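Across the two complexes that follow, chain A remains constant while its partner is chain B and subsequently chain C.
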Partner chain A sequence: MHRTNRYFSGLLLACGLLFNAGAWAVEFIIDKGVENPIPIAIVPFSWSQATGMPPVDVATVISDDLTRSARFASMEEKNMPQQPHDFNEIQFKDWQRLGMENLVVGQLKQTDQGDYLVDFRLVDVYKGKQIAGFSIPSTQLQLRRTAHEISDIIYEKLIGVRGAFATRIVYITVIKTREGAKKYTLQVSDADGYNPQVLLDSKEPLLSPSWSPDGKKLAYVSFETKNSAVYIQDLLTGAREKVASNPGINSAPAWSPDGTRLALTLSMEGNPEIYVMHVASKQLRRMTNNAAIDTEPTWSPDGKLLAFTSDRGGGPQIYEIPADGGEPKRLTFDGNYNTRPVYSPDNKHMAVVHGDGNTYRIGLYDRASKQISILTDSHNDESPSFAPNGHMIIYTTTGARGTALAAISVDGSVHQRLALQDGEVREPAWGPFTNR
Partner chain B sequence: MSIRLALFMFLALFVLGCSKETKEESATVEDHTTAATTDTGAEAHGTGDTQQGGKSALDDPNSPLAVRVIYFEYDSSEVLPQYRSVVEAHAAYLAGNPNTVITLEGHADERGSREYNLALGERRAFGVKSQMTLLGAKDNQIKTVSYGEERPALEGHDENAWSKNRRVEIRY
Partner chain C sequence: MRPGWFVTTQSVIFALILHAVVLLLLLISFSFTPELRTAKPVSIVNAVTVDKAKVDAELKRLQQEEEKKRSAEKQRIEELEKKLQAEQKKAEEIKNQRLEEEKQLLATRQKKEEEQKKREEEQKKVAELEQQRKLEEEKKATAESEKKKKEADLKKKEEEKKRQEAQKALQEQVEEEELKAQESEDRKLVSELGNEIHDKIAKYFNLAGLPENLSCKLRVNMLPSGEVVGVTILESSGNEIFDRRALTAVQKASPLPVPPDAETFERLNLRDSTFIFKP
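And then the complex of A and B:
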């Protein structure tokens, strides 16, 4: 299977990005999908107003979401035997004849106040029964998000795990200016690449964005002071605070699951060590004490453990300590290069960068068996980040054509590439589930 | 080379009229002047630059001081033997010029994770610093900063680029 969906974003023009503004697009290429995707038909939603077009084609957004997940085969509109908008209008036999199992019908209504109401029903064609039905109030600005929330519900009903379509992704872009200088931006977009917004742009490198668990803030590293420094930025207001700017390295911020602390790497006491900062008081606690490199801390989902990279045993490997302090325990023994751990949301796995001196690939460390399986097959893959439902891992891949984002399912059955037409996009961090 | 340096030092002291440090500095200057007598006269050409504030000894392309980049092996911060003379020359210069402060910029190639590479870049800078301080430079004369893999000297995704990017840059 090899499908291409192109998402052009006009919004970036409005943001006033100075370079390549007209040529901006994120391209999703599905390299690999599941062998037997679930058949589904998303019938175009009816529109309450006699004149004009609906602001968002809700059915297409849902259909694209499900198609992009590579776990669904969405029926094309031209092959649909009818276009019902309500349960009572469905001619079940017509759909059964085509082997269609799942049907989504719906209506988009504008209210007297100018807001919107989205009605939808997910229907089991063979049982002739409704699986889910919701009526969701929305606004013009929220309509795409509402469509993603419907995708999340469909995914959950048919696959058993909440979808992660109504989430956001933060990443770093690097664009070369005409003068040959580099321009770095920190950007956030919807999980489907829409609505990219520039949160920060800089002439100096940016790296390691980390979401606060409520999805309202980001911590990241910026070299704008000619040395690494850790900042926290509020997404909505743009207000930012420099929280670590000591001599030496200030990097690798990772937010604790309860949002009160930041694990980070500082080398102010001589060499890179893991610290935990209380965000409100900025009080620091040193967690490691070793002449080796200790960096890339990450929290277990319950906040009780910290995993990190250390080369105290020779090459870099993954170690773990209790978050309230204790002796580090080495976790990885496969190969001589395992770095950049991140726990899966269910705490059963960790994604790591696994290197053999020649290739660097995303590995999945199984906490029960203590084995690493290799998920990707490129030469230089890094920065793994789990979707909040744990199904996909987004990461950076670098090859002859440059650096781009890619995503792979934890079971290896789905692989996608997310390419930016110009420049590099890297260091993705998948945001948390958020409620409106 | 050292004649230029000596002249520069004299001029600098003269202009600055820095009486406190004159004793210390003049001793340094004398050392260099002595050493300079064996050098060729070609160096004198550079003295014009020193009057404009240049650092002529450092600008001599034939001096080991002209070498400002030290390259490293993969995932290693060991200073290779071929850079010993470079490290010695810079250490000696710093020992002789206690007011000079340099920055050692540590870098890594693009392979592997960025944060680990940031630490690796720092370790490389520290490795060079520790050799220089053993050779007489003072701790407070050498600042270090790591850029990890963020500032490659050469763009590219092959060993040719990587070998040029695993480096410490010496910046005066």
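And then the complex of A and C:
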């Protein structure tokens, strides 16, 4: 992909000449560039066992990760001039001829104990030098995650920002049973949609899952008691705690960045308002007081601000208040419909659902310019959630085949549906980085 | 010829003639004497009547007269002898004189000869000197000519040198002008080349995901073919990825646009140039 960009507005000055002691000293100035996906070739890893297939095609997992990020252009296996597995086997000229800049070679080994070892090297083809190389112990269950971790390392080494491939997402699925009833499940999967795990299923609606900042707990809304209630569930133990089951609406929990509080929408006082609950003490503090609906609270990355959706101005728009209380301030003025705000990790943008009366699309609100740019081009896109590195957004998109998870890079260049099972997928939330 | 012999012969003849004359004179005087004797008897006859005393006296007087005559004759002979002697002496003197003269003449001749000899010697000497002089002159002339030649050569050389210098100066001026023209042309060339290089590298300079306001300086070694044979970082941007992308861009853009001929390539010092990346 070749896009013009801000760099093409540079000076036309392309070179300078200096005369030093009668000798020419030519200086060429390159003041422009392109923003292209970075070429990379992930050579299939060697497999230590003589028979059978490796449990995971590590190279393909990495390749798909990088491609999905939109920052990389992965070379297809059939186009590779050779398939080296170690640094010494690389014929650099062959790869350079194809314009290949980066190469990943590796070996998957199974130990006598049945565990796995993944060796890989990231190589700069033009320098002929290794950029990174690791030997990562793994297990059969962890192999995909290990592959994602390798993707993260590659991403960081070549882009300069930590990759978010070895992270997880949480979402709700809705399946229609043979009896015509609906089955709701709360699921967690890898960021690429693989390895889904059902945390909870219910005949009643499940809504609004939210990650604790340490990635160990989830808060969500369940109607299992016929009325909405907010629960916190420990991912590892499965233990759950009902933290809000007030009369009326109990919805849209959002964990504060420090993990001590939850922002919620409660209508226990008659009108849906934004509250902040201290998780340990369950103490509530009401943040809004307005006859209109105030909902979908979300925390700024520094925890100092809360954004939410309110129709106090007529149509639904995004407002912001200080997390310790204050006057709400309207942020969005583009169009008649802007909802579901979520701050980008760098606090420079917000992803929103932007509606124009016919379509609902994912928009990117620029906090500095106060403008919204539209990232997606479907008719019904909802529930944006930023990857922890801020480079991607997952969201749901509803089409003829139902509602599915999709991912888009923040610069809007790649859309990709995530591989998931049948059924409707709702309200994805991208989990935080977890310790390596 | 020997003039001395002639002189001697002449002198001998002269002496003989002189002796003959003297002898003749003596004979003449003898002949006169008898005539005188004849006259005397005449006188005696007349004196016959004279006394003996008178005759003695007369005889004595005659004796005396005789004596006187003899004495006179003797005196005359003596005188003649004297005269002869004187003449002999004179002749002797003349002879001596002549001898002297001859001697002198001889001396003169000798002198002359010596002088001649001397002169000849001198002439010889002069000739020798002359020859020597000539030789020297020749030598000198040769030296002179050589010197002149040398000088001429030197002058010629100097002139040649001057000419060459002038030529050189002119050439330098021309070259300088050419250089200036070249320089201006080169600037244009480098500017055009810079644009081509910029455009080619910019196509490969991937800024995706990089922060703004970074810059780095690379040293690029290339061959006249434009092939990049070495890239090193002179000044890092501080961002490892930015630096690497710049390095990759240069290498991917290889071969870089270069002047059509190697000469221009070398003149522009393109073998070793600096690339500044500051998007």
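Methods note: the second predicted complex is superposed on the first by the 371 of 436 C-alpha atoms of A that agree within 3 Å, B and C clash if a C-alpha of one lies under 4 Å from a C-alpha of the other, contacts with A are read in each partner's own complex, and residues count from 1 in each chain.
The rule is simple: contacts are C-beta pairs under 8 Å (C-beta built on N, C-alpha and C of every residue); 3 or more make two chains touch, one makes a residue touch a chain.
Computed from a prediction, not measured in an experiment: that's the story for all the values here.
Colleague: Given the touch rule stated above, what does A:S228 touch, chain B (first), chain C (second), both, or neither?
Modeller: In the superposition, A:S228 contacts chain B only.
Colleague: Applying the touch criterion given at the start, work out whether A:I374 contacts chain B, chain C, both or neither, answering first, second, both or neither.
Modeller: A:I374 contacts neither chain B nor chain C.
Colleague: Thinking of the overlay built on chain A, is A:L284 touched by chain B (first), by chain C (second), by both, or by neither?
Modeller: Neither partner.
Colleague: Which holds for A:V34: it touches chain B only (first), chain C only (second), both, or neither?
Modeller: second
Colleague: With both complexes overlaid on chain A, does A:L207 touch chain B (first), chain C (second), both or neither?
Modeller: Once the two structures are laid over each other on A, A:L207 reaches chain B alone.
Colleague: Identify the partner contact of A:V198: answer first if only chain B is touched, second if only chain C is, both if each is, neither if none is.
Modeller: neither
Colleague: So, does A:E296 touch the first partner chain B, the second partner chain C, both, or neither?
Modeller: In the superposition, A:E296 contacts chain B only.
Colleague: In the complex, go through chain B and note every residue touching chain A.
Modeller: Those residues of chain B that touch chain A are 74-75, 110-116, 118-120, 122-123, 126, 144-147, 150-151, 157.
Colleague: In their complex, what parts of chain C are in touch with chain A?
Modeller: Residues of chain C touching chain A: 186-187, 190-191, 193-195, 197-199, 201-211, 239, 241, 244-249, 251-252, 267-270, 273-279.
Colleague: What residues on chain A touch chain C, complex-wise?
Modeller: 5, 7, 10, 14-17, 23-38, 71, 96, 99, 101, 124, 126-127, 131, 157-161, 391
Colleague: Which bits of chain A are touching chain B when the two form their complex?
Modeller: Within the complex, chain A touches chain B at residues 205, 207-208, 223, 226-228, 248-249, 251-252, 265, 267, 271-272, 293, 295-296, 309, 315-316, 337, 339-340, 353, 355, 357, 360, 379-380, 382-383, 398-400, 427.
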